[in-house]
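Across the two complexes that follow, subunit A remains constant while its partner is subunit B and subsequently subunit C.
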Partner chain A sequence: MTELIKEQHLLDTITNTFKLKGRVIRDRRVEVFADKELVSSILLFAKNQQGFIHLAHMTCIDWIDENKFELIYTIWSPVEKIHLFVKTKIDRENPEMENIDSIWDQANTYEREMREMFGIQFPGLIGEQDFVLEDWDEMPPMRKDFDTAKYASETYFQRPGREDAKDVRETISERSGTKVPDFAKKYSREK
Partner chain B sequence: MINDKDSQKIVDFIQNFARKQSLFVMAYGTGCGAIEIPATMTSRYDAERFGIRGAATPRQADVLLITGYLATKTLKRVIRVYEQMQEPKYVIGFGSCTINGGMYFDSYNTINALEQYIPVDVYINGCMPRPESVISGFVKLQELIQQGKADNGKKYRENLEWYRANQKKIIKNWKMPDYNW
Partner chain C sequence: MIREKETTLYLGPQHPGITGNMMVKLKVQGDTVVKAATHVGYLHRAFEKLIERRNWLNAFTLLCRFCVPEPDPMELTYARAVEELDNREVPERAKYIRVIVMELARLQSFMLWYAGQAGSAGLYTLGQWSVGDRNYILDLFEELTGGRIYHMFIWPGGVRRDIPEGWKDKVLKTMDYLEKRQDDYNQLMFDNTIFQKRAQGVGIVPKDKAIEWGVVGPPLRGVGIKSDVRIDEPYEVYDKLNFEVPTAEGGDIWARALVRKEEFRQSISIIRQALEKMPEGEYTNKVPNPMKWVVPEGQAWAKTESVRGEIGFYVASNGTNKPYRVHAKGAAYTHGVTVLEKILPGQNIADVSFIMNSLGVCPPEIER
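And then the complex of A and B:
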């Protein structure tokens, strides 16, 4: 394994500036853990001082046991060729996070998606309330406590399964009055 | 002359024969199944020898292919397209997703049984069905047309209230034009 000099240097710069914890995951992957108040400062610092000019992705994880949402900002430096993950945890009740679409315009799209799918509020976010879903009035669907199977079975018509529950080849052969060929029996579920 | 019973039979036969030999398929692909359509249409399987070809607009089309999962948002557009089509019109449900939801059976956003929302003539199972299955589905539809059994446009018109009730259960904000066919 080669020495991860530039990754370690970047990690030290950011963690010493903001007094954070972080680690080098592997070559070209660095992550730092921050409080939610510090995130926009870290992103601005990384963008203006360290050359992380591209917001590659923004996503959210629902840690239902800890009662937290984890927000992950993935930013990319085309010079250093490093992905930096800025991770923060926010409360699950009345989740609110700072709006960063003044730093990167494309954050608007991700934030609207998170508002719809997790119910996280971003004050000052511009855009329609509906993003992908139409006329959704249930709990935000990507939350872990949303029971999607139960919702689907209550909302949509279900087709009952076959009663015989036999191998489909035998059912078809009985119906059409033909024999199952020998080579197909090899793959049959009923041995 | 046409009111005579035997000659009506002959007229029906010729009419159905003509209809089954020129199925214009609405060029509208939902879900992932539309990728099988180019394979079916191009030279290897050459669906045009059965009279199957594409149509650009709903008013010119005979067949609506539902090629895969239907999100509730897409269902709205599908209903709109189906209602714009002229009779006789046929629907082919294509792939497991239209039959019972397929791998999206527990999704919060896809419907599970298509025939509750629009009448379906033929289902083609498989995920994905190969071009052979697609053509066999079309041949089945042609048989139904020849026998005069494929009259789902009429069924939809007569049971419109039942279909509308099912559709409005999913599409809560109903802002669609009403047609009087």
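And then the complex of A and C:
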């Protein structure tokens, strides 16, 4: 893997400095796994000393089976042309994560969205409580245990004539007196 | 006296600066903006959540609706992320077709930008021309994909179908036409004193803050930073084609317009090269039955250059026939919130929608 020297060097620098685990995924992709307390130090180190000046993206994944939220910080170095993923897992109960909008102003938007969609608190985060959702008092909707179908059926009513939520193909065939083709039955809701 | 009094002005959710609905809450003194705050939430359709309930290919019907003026980069970015997870090779011909589709999408989006940018300065003629001419590109899309706006054409493993007979010539003819027409647009826009006065020195993105605020695409090139995903991290066949990445100095609306003007030319040139170099062969590496198609466990990040800047998709799979998590980050996510809130103070109310247009703010992309 001679062509991945740059990536390997970066990985070694970061993992040795912070005593972390990580790997080179492929060319231009390096990931490191850190404890949540270390994330802001790693990001600052990468930004100020390794040239990762662009925060490309931040996201959260709800690993409900593990009872963890995984936060992913994707940063990009325009000089080295490498993506570095800093990944951390935090508890799903009372989730709290350090606010990094002092490192990148734009992180504020991502954090406000995560606060709303996953219920993760970022102490010191400035910005109105509501970002996309207004007056939302249910469970944060992007969590895996939020059931969209259940919410929709409890909140909204069926259109008149569709109360039974019957498959539309069967309704049509009943009205017109024709048979539902076999291939259509395969995907029918009523088995 | 009136200048000292601060009033709150709600601009939007419907106003001419924007495709979609978004409100900017402005604190104004006289007609000068003192503070701005972006309010989104009028277009939230929970696409990311809905995708988690659909199979890998069903997601495409939602993806292309992330941003109305340019649906294709969304499809390509997601498709590339899924290909990375699935280790799926894309045939060479499909890569060329993808590039052509992407550049046609870029051109049609530029033409909407011409219309919006000129329209928000009061130059309505240009909008009629460019949106009219845009239909020639939409005709090409209709012939190729079956749809005018939303195509769902780029799929993991390639594209949905091969180019139809005679389509290549039609594209070349349209390119010749657009190349000539662009001179007319430019004359109407850049030679116009009103546009010059309104664009120069307005909506300046400071060079030293640009990257920190998350500025990407033409606004970043407008401050003199040469950055383009097609060059920085070449995807498909962009590394085999010759094209320039234009930059301009100043960071104002004028600089961004100059960048886009030149990019329009470059897109035409890319399409011509791609059509010439496109090899024969397969157009897709067919995916299995989509109802049963299981993508291996893992996480992937893919990014592409859309007309407004970098678009990235983070896709996670837990080894089932549905995506576990899909997160999209478009250029508007930073341009429409952080950047807009930072550069609006000090500007004139009349310039707000003008600035929004030049930054490429696309609300459906912010809230998805």
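General observations
Keep this in mind: the second predicted complex is superposed on the first by the 156 of 191 C-alpha atoms of A that agree within 3 Å, B and C clash if a C-alpha of one lies under 4 Å from a C-alpha of the other, contacts with A are read in each partner's own complex, and residues count from 1 in each chain.
FYI, a residue touches a chain if its C-beta (ideal position, glycine included) is under 8 Å from a C-beta of that chain, and two chains touch if they have at least 3 such contacts.
Quick caveat, the model's predicted, so the values are computed rather than measured.
Of the two partner chains placed around the shared chain by superposition, subunit C is the only one that A:Lys81 touches, whereas subunit B remains out of contact.
Legend: residue contacts after superposition of the two complexes on their common chain; A:Leu38 is shown touching neither subunit B nor subunit C.
In the superposition on chain A, contact is made by A:Asp62 with subunit C only, not with subunit B. In the superposed model, A:Pro141 lies in contact with both subunit B and subunit C. Using the contact criterion defined above for the overlaid structures, shared-chain residue A:Val24 touches neither subunit B nor subunit C, since it reaches no partner.
For subunit A, the partner touching the most residues, choosing from subunit B and subunit C, is C.
When the two complexes are overlaid on their common chain A, residue A:Phe157 makes contact with subunit B while staying clear of subunit C. With both structures placed on the common chain, the touch criterion links A:Asn108 to subunit C but leaves subunit B unconnected. Legend: residue contacts after superposition of the two complexes on their common chain; A:Leu133 is shown touching both subunit B and subunit C. Residues 132-134, 141, 146, 148-149 of subunit A lie in contact with subunit B in one complex and with subunit C in the other. Listing the residues of subunit C that touch subunit A in their complex gives 37, 40-41, 44, 46, 48-50, 53, 209, 211-214, 227, 232-233, 299, 301, 303, 310, 312, 314, 316, 324-325, 327, 329, 333-334, 337-339, 342, 367. Taken in their complex, subunit A has these residues touching subunit B: 132-135, 137-138, 141, 146, 148-149, 151-153, 155-159. Contacts from subunit B toward subunit A in the complex involve residues 72-73, 76, 99-101, 105-113, 116, 166, 169-173.
Of all the residues in subunit A, the ones that touch subunit C in their complex are 28-29, 53-57, 59, 61-62, 72, 74, 78, 81, 83, 85, 104-106, 108-109, 128, 130-134, 141-142, 146, 148-149.
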